[in-house]
Each structure stands twice: as structure tokens, then as C-alpha cells.
Amino acid sequence: MINPVPAAEPARVHRRPRWGSRVLAAAILFFLLFLGQSVVSNPNVDYHVVVQYLFNIEIMRGLLVTLVLAVLAQLVGVALGAVLAVMRMSDNSVLRSMAGAYIWFFRGTPILVQLLFWYNLSLWFPTISFGVPWGPTFVEVTTTAVMTSFVSAALGLALNEAAYMAEIVRAGILSIDRGQTEAALAMGLTPRRTMTRIVLPQAMRVVIPPTGNEFISMLKTTSLVQVIAGDDLLTKSLNFAHINSQTIEFLIVASVWYLLLTSVATYGQHHLEAYYSRGSSHNGGGPPGPTLRARLRGNLFSLRRAERGAA
Amino acid sequence: MSGPMVSAQGVHKHFGDLHVLKGIDLEVAPGEVVCVIGPSGSGKSTFLRCVNHLERVDAGKVLVDGEIIGYHEKDDGLHEMSHAEVARQRSTIGMVFQRFNLFPNMTALENVVCGPIWVNGENRTGAVERGRRLLDRVGLADKVDGYPAQLSGGQQQRVAIARALAMRPKLMLFDEPTSALDPELVGEVLDVMGDLARDGMTMLVVTHEIGFARGVADRIAFMDGGSIVECGTPAQVIGQPRHERTRAFLSKVLS
Amino acid sequence: TPTDAPAAKPSKEGPAALAKDTQAATLLPEDVKKAGVIRVGAEVGYAPMSFFDADGKTIIGAEPDLMAAVGQALGVKVEWTNTAWDGIFPALNSGRFDVVVNAVTDTKEREAQNDFVQYFSAGSALLVKKGNPKKIQGLADLCGKTVALQTGTQQVDIVKGQQAKCGASKIKVLVYPADSGAVLQVRNGRADAGMQDFPAAAWNAQRAGGGKLFEVLTSEQYKPGSYGIVIAKNRTQLRDAIQAGLKKAIESGAYAKILEKWNISAGSLTTAQINGAQE
Amino acid sequence: MINPVPAAEPARVHRRPRWGSRVLAAAILFFLLFLGQSVVSNPNVDYHVVVQYLFNIEIMRGLLVTLVLAVLAQLVGVALGAVLAVMRMSDNSVLRSMAGAYIWFFRGTPILVQLLFWYNLSLWFPTISFGVPWGPTFVEVTTTAVMTSFVSAALGLALNEAAYMAEIVRAGILSIDRGQTEAALAMGLTPRRTMTRIVLPQAMRVVIPPTGNEFISMLKTTSLVQVIAGDDLLTKSLNFAHINSQTIEFLIVASVWYLLLTSVATYGQHHLEAYYSRGSSHNGGGPPGPTLRARLRGNLFSLRRAERGAA
Amino acid sequence: MSGPMVSAQGVHKHFGDLHVLKGIDLEVAPGEVVCVIGPSGSGKSTFLRCVNHLERVDAGKVLVDGEIIGYHEKDDGLHEMSHAEVARQRSTIGMVFQRFNLFPNMTALENVVCGPIWVNGENRTGAVERGRRLLDRVGLADKVDGYPAQLSGGQQQRVAIARALAMRPKLMLFDEPTSALDPELVGEVLDVMGDLARDGMTMLVVTHEIGFARGVADRIAFMDGGSIVECGTPAQVIGQPRHERTRAFLSKVLS
């Protein structure tokens, strides 16, 4: 050894106490306790009603409608959104501006208006016919028969969602390193298969977190179908409220279910995220994420991996 | 007598106003190893990418094994091929990138077998078996199930080589395959490439590793400013460079 | 211009001012006296009871006129706030409004939560497209048809009651948060009939689309009930004051004039009863 | 020259015609024309009413309310969201779970319910007092006086938005290379200043696009304040609809304004994005982005830059 | 007689179960240049990062210019410093990273002046003037207003050096400053570092550039497996390595 410094015996190391955040945390906790106590002990709210109606059959039906609508609309929205995203990045300027106009219009107008439009489509088109334009008609049905409350709701929500998903999928595609595309092309994949087999699956990692958020929003947006006689969770709950004016109680009933649904959705989102980030040792993704300090101090290991990684 | 494996004829390429390739002519015979060296920005990568039509040439043409890459020749000029035809041509040309470009969501084995299965329609069992053999050949028998992020740079690059070999290419293109590696890891990749050359693979290699070029290349081409300034055996180009620019470059890199 | 802007005059030109009834006024609780105003909440848009004038701002109708009369009797002003139906009762109970006046039918269930001072009697009537294309004559004809209703109304109960008698050919019931949404579906042809409180149905038949869109079946009014001014349970003083004010309006004849003005005299009451729900 | 191949004379190169996308584009265009024609010439909708009421003073007032509410709520939401994001990544587990609970709750319940809660806060807390807990009170006011329709609307929207913004800001912070943090710390900046001067400004690039989307949503979400007597654009428009049952016409009036607002917001978003991506030669950001083909073919130049770049 | 500029005493560091530094002892005298070499994963970067407390040491301590880094020594052991105190210590130690880590949203000049202005509270005009001089000194007078993305790797790294110098450090730490560079760009950065060494800056340099280490270093430390295996003059360590591991490593890197 060149430096004959005696090996220091391990010194006792004292971490710095962090008074600021401890006091803040205590204050918040205290405030929350106070708040919780006031809310629960409030004589204006009859929690028995909440408990009594939580599993009411009509509420359950509403829950089912909300769930089915949200899942359906989200699925169609994702698929159509992916198509729009690819159109938006197309070579063909007509397709590109078409997709642009779609996104502009459907993001720009309130979903309420869109729902009313689909539901009242018969104002514009009293019948819907399938056939050759200016030629023979094969099937003709009245619009109101097709555009039931459920169909309009699902359609309206899905078409609206597609506009948002298009931007999300597009960001996902753009996030994939060009090297991936080139490697796939060089291997002999066609551009289309490169997109579907290499780019889109990897884009999922970036697409899933915002899609999860969208789905959580969607669960709650379904309540707007009230205006077109859709019997979703919130509408059903409020129907009870209107009978006896106990609005708050029934809003709590609905909220409990919404919280449950969103919690389950969040849970599912984490699992999907984990699945699609397999092979990546980045652990920056969703909660429970690394703490800020862990980031500042640093997980050099994962950084190094990322540098070496292909993406 | 078989013709050249690669034949570039007056290849020009512009990026907007930038004239990047100014008429490249180069032939590579079957089984030959040609290394391309030259300063950054001289157009080495661009040329290599023209060979498998990752870049479209603006004028001139590139033939691989006698076929024009990316175009059908007709009376009125060159007609662009369909995506599927280009893909078929590319499937016979292996390419290894500087940054490996492994698919991060697939294991090493999946990376290697996906091409044969998707592109050549090989059956899964056969492809997997051959994939394992290839990974074994590049010294990674124990890493088949590792994801790229779990491998060192040198290991990743060897998987990338195995992935290209899995397509049974007639020609391999390498674009600075070791320049993203830690110095101690460079050797393992160069070893694999040397073996490949000895096995008779036709190779076009862009590299900064003068030692490798000297040892393995049949010929070395020195590019500068979009042209091939000189081209000859390693002894000629490295030992007795004829051009001032070549000398200047070599003195920088070898110092 | 909207083809069918209401012909009615705004309420400020309504019946002659009512003298303050000092006796009734003393019943008012201190806070209302001090504020000098009674705050009313309603989802405006149920003509002729309450709706917006052509300026999109002034709230007019029978209820604003009536409350104005009550206010005059009590010597306080009346202030209206337009709020979606879903938000009305929480706002009443949280003290945001003093009263809700919104064609709310007094029922036993609702009396359990709030007090009602009754001011009008109305049954329900069926509204159909002009020309009655589906030949609906009464409740019994609804079986197998589609009916559009507003959520939380008496009509939902009536139609559900009929439903039970229909047997195999059910009634399809569509429920909308706003009355206008339900009426739109009758116009749209999605619903074969709508059911509304009689005054509203009559108004629609008479005014909507210049009177060319709907007609109302007048043969029968179903399940007559009474509208009540809704007041929080813990404000009995206010309730009694309003009852007194309303009584004063009835006695003085102002009440009758208002109902006449809006062409709904058929629903007039003779007394302002508290919590008088039937059943 | 070693290879005596005669320099090829520039061959005429023919691009491949793309029939598929041309036909598709034509079909879509045709369909849109047909649709547009039907919508405009529809006798059920009186477009004169739309034109006549577009600039009506009450509608303008509603527009102002919508705009002010949205801007205010978004600003507060961003600020509070940033605080929550930092809390969520804190060392202190109480702060961390507090922020987690906040986000869970406010994202999990419908905004309608939250608005009603704030507006009717007096159900739980009839008065609001500032003072020492269990000690002297300095100011006491009735809750309903403080929680006007506007205040509750702004508060409800802002607190809800903060939950969403927290996740967005967090993703932005996580997207910044640890190297940036380390360089700043090594330079002698404290962790706090590193966050505010180095990390957050760079995170803006990632934060702005989704924030723009949030703001566009917010513009439309304001219409829910109808349940708490907020006189926003949609509510005001529907007031007119009640007069003459011309619901559709007034929905169109509102939609025209919403489209205008969102277009302006999108425009502003692009400018902000451009500002915050200064120094970056990535051009993958917002529209007008590179086409898909351009990506597949490749802008190697920008890729190379990115590799060299510090971030 | 002034004490050592750096004095590492029995520095241990664990990452979870991984024992990365196993008692490092090293002194660097003022004005001395010490190069640290060794295989990947041997802990070179971790040790360097302990010197400016980017990593917390688990046992032992590091002193810079006589001050313990990151801790106050008291009777009952070491007490962690406040963030502000650590920041003050770090501001006197310049650090240059492998990946440059320039702030991409600031121009070269802004990168250089932000530290003096924010941390040392210098006034803007003075800082800008000195910033220009520093950029001039590293040969970038014409790039002051360029953003990092508009500069080559070599230029970026020189800006990073100027940025560190702007804080008037007593000590400079370099972590493989050239390993992310194209081979021809390596020279320009090493030149700047050589100048700096000749000007008397105390430097601790982790590097793979054996040529540079041989030419510029006063001493070379060879690390392997978390320990300093041998340490001495370039002639000793490179010319006559005493340890087998050193010899194995050098043969790989020099080949």
C-alpha cells in the first residue's frame, strides 16, 4: 500500500433528523384526523342509508352498466385511437389531415354534446340504410331503433376517447428509438409488421400509464350518459336521491363504488405496466416508485443498465 | 465464375442540401472482408445503409449478389419495389448496429429466433434449436433467457451478431460494432467477428478499430467527405497511405 | 328569432304589489329578517312554472310570481338561483337556499327529510306528437310503447304503476335528468309519449314549435298531488312565516290572479297546508 | 480507383404509387362531404338561431366564466400538483402516503361529487374559523358566505386537477436523466435548488403536452359546475334552450365556442412546447410531427444529436 | 507544510448486499494528478463519487483539503451535514462526467456561468466575462451561444470542463471523460486536461486512456474488486506491474 494511513475504524454515523418534514407530516395527520372526525360524526348525513343501499340491486345494475360501458368504450377507443395515430403519421396528406380534423373536433367539443348528437342522430338522419350510394338499398332501419341509449353511449364515449388515445399512442410510437425500427427493417420485416410486432408492443410501456388514467376518467365520465337515459351508477344512485332528497347519502354510495372501481383499475394498470416493462430494469414507472431522494442519491445500477440497453 | 457480392455503382446521396455521398464505387467479392474507415461525418454509415436500402440512393445503384437493391430496372428507369420485395432482399443481408438495437422486451433467444420465424416462416422448434446453437457459437450459451438489459454491452453485441446470422445472410454489414463498448469488452466482439471472417462470410465493416482492420480485412477503404479516397490492402492503406488525408486521420486515431 | 318565444310578460309587470303583512313578517327568523331576502333554489326550465325569459337571464313563470307575492307579504326580497336538479337538495340542507320552489311534489318520503308548504295542485298528463300518430288515449295504451320522463318525478311512479298492469307487453321507460330532454325525445320519435305535470304539458302543446309539435291528452289527469315550497326541517319559523305569507297571497286574491295569468287556475288551492302529502 | 466500374449515369427513379391509401382517402373525403351536406341542409336545425345567439351577451358571460374558471383551476392544479409530486417522492413515508391518499381519493371520486361537497361544505362545517386549535379564534365566517358558487367551483376543479397533475409532474421529474441532478449537486446546488432550477424546468418539456390536454379537458369539465349554480358557457346556452326547446341549436352555439377555446389552447400549447424544448433538436414533439414514413426512413441526424446530447 | 488535498481513509461502501468498496486508502497531494484504472465494475466511479459525497460512505471517511466530506466529527461519531453545508463543500470540487451532463436547455455560456451566479452569488457581468474566458481557454470561443445538442461530443466535454473550472475548484474529479467520445474527438479533450494538469490543478482521473495516464499522471492507482491493488508511478504500474491482475488488465486494454 502506497498510503500508509491506518484503516479508519468504522465511525458511528448519525443521520440528520429532518424536523421540517416531520412537523409537516404531523400537522397534516392531525388535520386529517380532525376532518375525518367531523365528517363521520356529522348529524346531517345518515350513514345508515349509505350502508343500506350500498348493495341495492338497482345500484348494482348501474354499476354493471358503468363498468361495461367504460370497458367497451375504452377498448374501441384504444383500437380506433391506434388507427388514428398511424393515420396522423401517414405519408398521405389527406389521411393525415383527416385524422387531425377528427382529433381536433372530438377533443374540442364537450362529450355531453357528442352524446346528445349520437342519441338524437335521427334529427338529421331519420333512417339508416346500408346499400350502394344512389343505388339499391339492402337494409333500412330507423335511427332511433339502432341508436339506443346504450349504443349511443358506447359509441359517443368510444369516438371521443379515440381522439385522446390517438395522441397517446402517437406519443408512444414516437418514444421508441429509431434503432428498433431499423433493426426490424434490416431483418426483413415489412414496415407494417415492424409497426405491429416491434414498435407497438414496445410503445405499450409508454401508452399504458396514460391509458390507465384515461380509463379511470372514463369510469366517471360514463355518468354523463344520464342525459341520454343511460342507467349508469351515478344516475341510478341519484334516482334514489330524488325520491327522498337524500342526495349526499347516495352520492356517498356512488363514490364508494367509484373508488373501488378506480382502485381495481389502478391495480390492474400496475400489473399491465409490469408486464410490458419486462426486460427493462428501469424502475422509474408507476407508483410505488423510487423516492425523490433515492433518485437524487441514485440508483446508478439502473442508469448503467439503461445506457447499455438497446433502446 | 460468380460475380461480386456487393457492387456499388456511382452512389450519390443528399440530405436536403447536404451532399453526403459523392459517387461511391466499391465491389466486394464473395467471402471478402472489406473495412471502411474514415473521420466522423464522412458518410460511412450512410453508405452502409444504402447497401440494404435503409437509405434510398439518389443516383447510381447498389447490387447485392447481382440484384439491384430496392428497385426493378425497366426501360424507363428504376421502379421502386414494394415493401415486401425490399423486405425479402433485406432478409438476406445481416446488419449489426453500433448501438446493438436488440429488442428490449425479448430475451436473447427470442431476439435471435424472431426473424427466422416471422420472416422466413421457419417452425418454432427448429428455429429455437438453431438459435441456441448460434448463441453458443458467440459464447452465450448460458445467457439465452437473459433480457438485453441484463447483459453487458459486449454480450449484447454478440447477441446482435447471432440475430443477424440466424437469417442465414449472404452478406454481413457492421456499423462500428465496438464503438459503444467499454475497452475491455471490445475484444470479445472482435473475436467473434474474426471467427466469422475466417468461416468465409462476406463482410463490409465500418470500424475505428485499426488493429482489427489490419488483422482481418482483405481490403480497407478510406472515406472522407463523401468519397472513397483510397482503397487497398491493409498494408497499402495503413502501412503506406498515399493521401495526405489518410495519413492525417491515421495519425490521430493511432496516437 | 326563436320561433316560439313565450308571449308571457315578465314577472315584474305582474300583479299589483301586495301590502306587507306585519303579523306574518314577525314570524320570520332573525337571519332572514336581517338579510331581507329569501333565497330560492330551482332548476329553471319548467314552463310555465319557472323558465328563462328571451334574454336568457330573467327568470319568469308562475312560481317566481308567487314567491314575489309571498315576499311582498313578508316584506323581504326574493332571490332566485338556477341550479341543476341533482344539486338542489344538498344546497337546501346546507343552508345555501332558504327554500326550493321547483314544482316539487309533496310526498311522504320527502316529508321525512324536509317540510313542505303546499301552493299548487297538479296531476300528470300525457304529451304526444301532434296528430297523436300512435293513437294513445290513456295510460292503458302505453303498454308496449316507449315513454320519456324526467327523473325523480311523480310520473315515474305513475308509469311504473301502469307497468305492473301491462303483463307481457312492457312499457319502455326512458328517464332524463331534465324535463327538456324528455320532451325532445317525444319530438324525436324515440318516445311515443311523455308524461309531465299538467301545466307543463299544456304549455308545451300550446307553445313549443309555435304549437305545431305536441298535443296533450286532456281526458284525464293522473295522480293529482300538491307542489310544495320545500324548507329544511330545522327551520320551522321560516316555514310558518312562508305559510302565513302564502295564505295572505291567497286571501288577497293575488294568488288567483297569478294562476290566471299563467293559465293554470285549475290547480289552485284554497289553503297553504304544511306537510299534507296523501297516502 | 480500385473498382473500375464506370460511374453509373443517374437512373430515372420512379416512386411507387400508393393505391391503398389514395382510395381510402378518397372514400373518407366522399363520406365527409355527404355527411356535411346532410348536417347543414337539415330542416330540423335552425342555423339562424345559432348565428343569432353566438354573440349574445349572456353567452359571452358564460364564456368568460368558463375561461376564468378553467385558467384559475388549472394554474392552482399545476402548482399543487407539483407539490404533491414532490411529496409523493419524499423520504418521509407519512408525506408520501398522504400524497398517495390524496391522489387516490381525488382521482377516484367523480368531480360532480367533489363539487357538491365543496359547495355544501356547510353541511359539515357551518362556520370556518381561523385561530389556534382549542385556543382563541381570530376570524370566523359562515361557510356559505365563503364558499360561493364560483369559489367552490374553482376550488373543486383545482383540487381535483391537482391529483391528475401530480402524476404528470411526477412522470416529468422521473423522465429527467439522473446525470442532470448529479451535475447540479456536484456543482454545489442544494437538492431543493437542483429540483427548482434544473429538474423542474427540464421536466416542463414532458409536462406541458399532457398539461395542455388537461387544460382542454378542463375547459369542458367546467360545464359540470351547473350543479352548483355556476353560470358557465354550457349552462348559459342551455338556459336559452329551455325557452324554446331548441336544444340542438344552443348546443351548437356552445360547441362553436368550445372548439374556438380548445383551438386557441392547442396553439398556445405548441408555443410553450417549442419554448421549453429549446436546445433540443429532437423534433418528435407535438403536431406537426414527422410522418411515420419519415421516422421509418429516418432522420439519422436528429438521432445522432440525441446520442451526443447530454440528456 | 500543507496536508494532502484528498485523503481517503478506509472507505467502505455497500449497495445492498454488494460490497463495492472494501477499504480504500488514498492520498492526493496538492497539484498532484492521480489516475485510477481498473476493470469495469471494480468500483472506480463509486470511489470518485464518494469524494464529493454523491455517494454516502458506509465506513471510513474522505477528507478534502483537511475537511471531512459530508460529516461533522463529534465525540459520539460523525454527524451528517445539512444539505447546504454539503453543497458548499461540493462547490469547491469540480466534477466531469462520462456523459457530460450538460444542461440541455442552456447554452454553453449559460452552463458555465450558472454555477458561479447561483452558488457563489457572483454578479452576472463578471461571471459572463470569466465564462467567456474559460470557454476560450478550452477552445470554444465561437460556441458560447450553442446549445449542447448543437455541439460535438468533444466540444460538449470541453464545456463541461469549463463549467467545473468556473467554480474555481481546489480539486477536479474526472470519471472516464473520454469514453463516450468518437476516437478522433478523444484527443481534444485529453489536450485540455493535460493543460490543466500542467497549470497545477489537483486531479483525480478515472480513465481507460492508458496513454494519457502514462503521460500526465504523477501516480496511477489500479483498482480491482473494490480495492486498490497497486498504486505508483506510471513507470511502476504500467511498465512493471507487480500484480497478476494488473498485468491481465493491461494486456487486454493495450492489445
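Which chain is which? They are A, B, C, D and E, in the order written, and residues in each are numbered from 1.
The rule we apply is simple: contacts are C-beta pairs under 8 Å (C-beta built on N, C-alpha and C of every residue); 3 or more make two chains touch, one makes a residue touch a chain.
Chain-to-protein mapping (UniProt): A, D = Amino acid ABC transporter permease; B, E = Amino acid ABC transporter ATP-binding protein.
Because the structure is predicted, anything quoted here is derived from the model rather than measured.
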Review point. Along touching chains only, what is the step distance from chain B to chain C?
Key: 2
Study note, to complete from the structure: So the chain most remote from chain B by C-alpha centre is C
Revision key, fill the gap. Ranking chain pairs by contacts puts first A-D
Point to revise | Centre-to-centre distance between chain E and chain D (centres being mean Cα positions), rounded to whole Å | key: 43
Exercise for review: Round to the nearest whole Å and give the separation of the Cα centres of chain C and chain D.
Suggested key: 40
Study note, to complete from the structure: Whole-Å distance, C-alpha centre of chain C to that of chain E, is 81
Study note, to complete from the structure: Multi-chain contacts in chain C, i.e. residues touching at least two other chains, fall at 86-87, 90, 93-94, 181, 184
Study note, to complete from the structure: Going by residue number, chain E touches two or more other chains at 54, 99, 152
Revision key, fill the gap. Expected list for chain A, residues touching two or more other chains, is 44, 120, 123, 177, 179, 182, 185, 191, 247-248, 251, 298, 300
Revision key, fill the gap. Chains touch one another in the pairs A-B, A-C, A-D, A-E, B-D, B-E, C-D, D-E
Study note, to complete from the structure: Contacts from chain B onto chain D in the complex sit at residues 7, 9-10, 12, 15, 23, 25-27, 45-46, 49, 54-56, 58-61, 71, 73, 76-82, 99, 219, 228, 231-232
Practice item. Going by the contact rule at the top, pick out the chain A residues touching chain E in the complex. Key: 1-3, 5-16, 297-298, 300-301, 307
Study note, to complete from the structure: In the complex, the residues of chain E that touch chain D are 52, 54, 83-84, 87-88, 90-95, 97, 99-107, 114-115, 118-119, 147-153, 156, 163-164, 167
Revision key, fill the gap. Touching chain B in the complex, chain A uses residues 177, 179-180, 182-193, 197-198, 201-202, 276, 278-281, 305-306, 308-311
Review point. Of all residues in chain E, which touch chain B in the complex?
Key: 39-40, 152, 179, 182-185, 187, 208, 211, 249, 252-253, 255
